[in-house]
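All chains are identified by letter, namely A, B and C, in their written order; residue positions are counted from 1 within each chain.
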Amino acid sequence: MSLSIRNRIPGTVAGITTGAVMATVRVDVSGGRELTAAVTAEAVRELGLETGSRVNALVKATEVALATGPVSGLSIRNRLPGTVSEVTAGPAMASVRIAVEGGVELTAAITADAADELRLTAGTPVIALIKSTEVSLDAA
Amino acid sequence: MSLSIRNRIPGTVAGITTGAVMATVRVDVSGGRELTAAVTAEAVRELGLETGSRVNALVKATEVALATGPVSGLSIRNRLPGTVSEVTAGPAMASVRIAVEGGVELTAAITADAADELRLTAGTPVIALIKSTEVSLDAA
Amino acid sequence: MSLSIRNRIPGTVAGITTGAVMATVRVDVSGGRELTAAVTAEAVRELGLETGSRVNALVKATEVALATGPVSGLSIRNRLPGTVSEVTAGPAMASVRIAVEGGVELTAAITADAADELRLTAGTPVIALIKSTEVSLDAA
């Protein structure tokens, strides 16, 4: 696959809740963590997803937010702790690479202002936050 | 213009930082708060945006996250405090209406699980969180 | 490809502007229209994208907004006119299928409230709006 989407997190479907329009798919990923993807119910049907299906969770870099402190009381389902390995900043945007616990690498595209304010640099511990509606699935 | 985008926050451009590709536009909104929109530099040029321009910040409901506690150390630039006025939940997704300080109404489409876990109900104080890359601008 | 991403629009790269972090890729799609994708500069390098490359523009259904009237003064780069072919509504969300001029089918997942308010039904003319930062590319 030759996708521009930077972030691909391999896992196994742990459960699916289907509504009239949308479905939430829980995915066990490496490091004993779980991701939730909110995708269309139609996509779940067409891909034949079921508990046990192998998938890659796909997330665009612009959809990854970062927290430097503890996170609680947040609607964002997906939280992957890791460590910043590299920051590349332009005038408007910054690209932050994160080594996530369990061996996955993520890239977050955030504003240069946010990277400054959070003093992100190689070695900073962070939690990568991803809204469920931003997670796509690739039936591997 | 009749848009499906639920959330429209009127304001005035307070400053623009332009990169080769992307630009961040800071918008003063009602309630003395500021929003940041990360849009293409081309959009800023074509709309003729400059400090003082009147705009509406537009945000799709699926792009609004909610926090029930204090937020710090977060890369998400845009944080609007308010109170939940209504929750409509299906099996997979929930739609949460929020009265934001300063008189704006927002809708957040989050997973039903998140709405449950945060025990969101009419009257719950929340902070609406919106990543800058999710904010579009309408040159009013 | 077995992707949950509903919307795939085939085209040819017409030009690339590269910044420090992000790049905008212009894609000629069917019907004589152009889409802009804002992806990381790293993705452009790794995929070897250049003018003339064949790509599919990929857009999650939750990232498609709809307008029922003429659109102007909007920072959203990508506008595809079409006609609603089907609406499926749940309590929180609605799925709207659109036949786009030029032969592509799109799905938009919007709030049920928005679908109601815009009185979307089979036959309604709409413009599908997609923010550049929400477009991913698949090097076909």
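Here, contacts are C-beta pairs under 8 Å (C-beta built on N, C-alpha and C of every residue); 3 or more make two chains touch, one makes a residue touch a chain.
Per UniProt, the chains are A, B, C = TOBE domain-containing protein.
Because the structure is predicted, anything quoted here is derived from the model rather than measured.
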Ask   = Do the two copies chain A and chain C share over half of their interface residue numbers, or under half; same or different?
value = same
Query = How far, in degrees, do you have to turn chain B to put its CA atoms on top of chain C, rounded to the nearest 5?
reply = 120
Inquiry  = With centres defined as the mean C-alpha position, give me the chain A-chain C separation in Å.
reply    = 21
Query = Which residue numbers or ranges of chain A touch two or more of the other chains?
reply = 19-22, 38, 41, 62, 90-93, 109, 133
Query = If you look only at chain A, which of its residues touch chain C in the complex?
reply = 1-6, 19-22, 37-44, 47, 58, 60-62, 88-95, 107, 109, 133-134, 136-140
Key: chain C residues touching chain B - in the complex, by the definition given at the top   = 17-24, 36, 38, 62-63, 65-77, 90-93, 108-115, 118, 129, 131-133
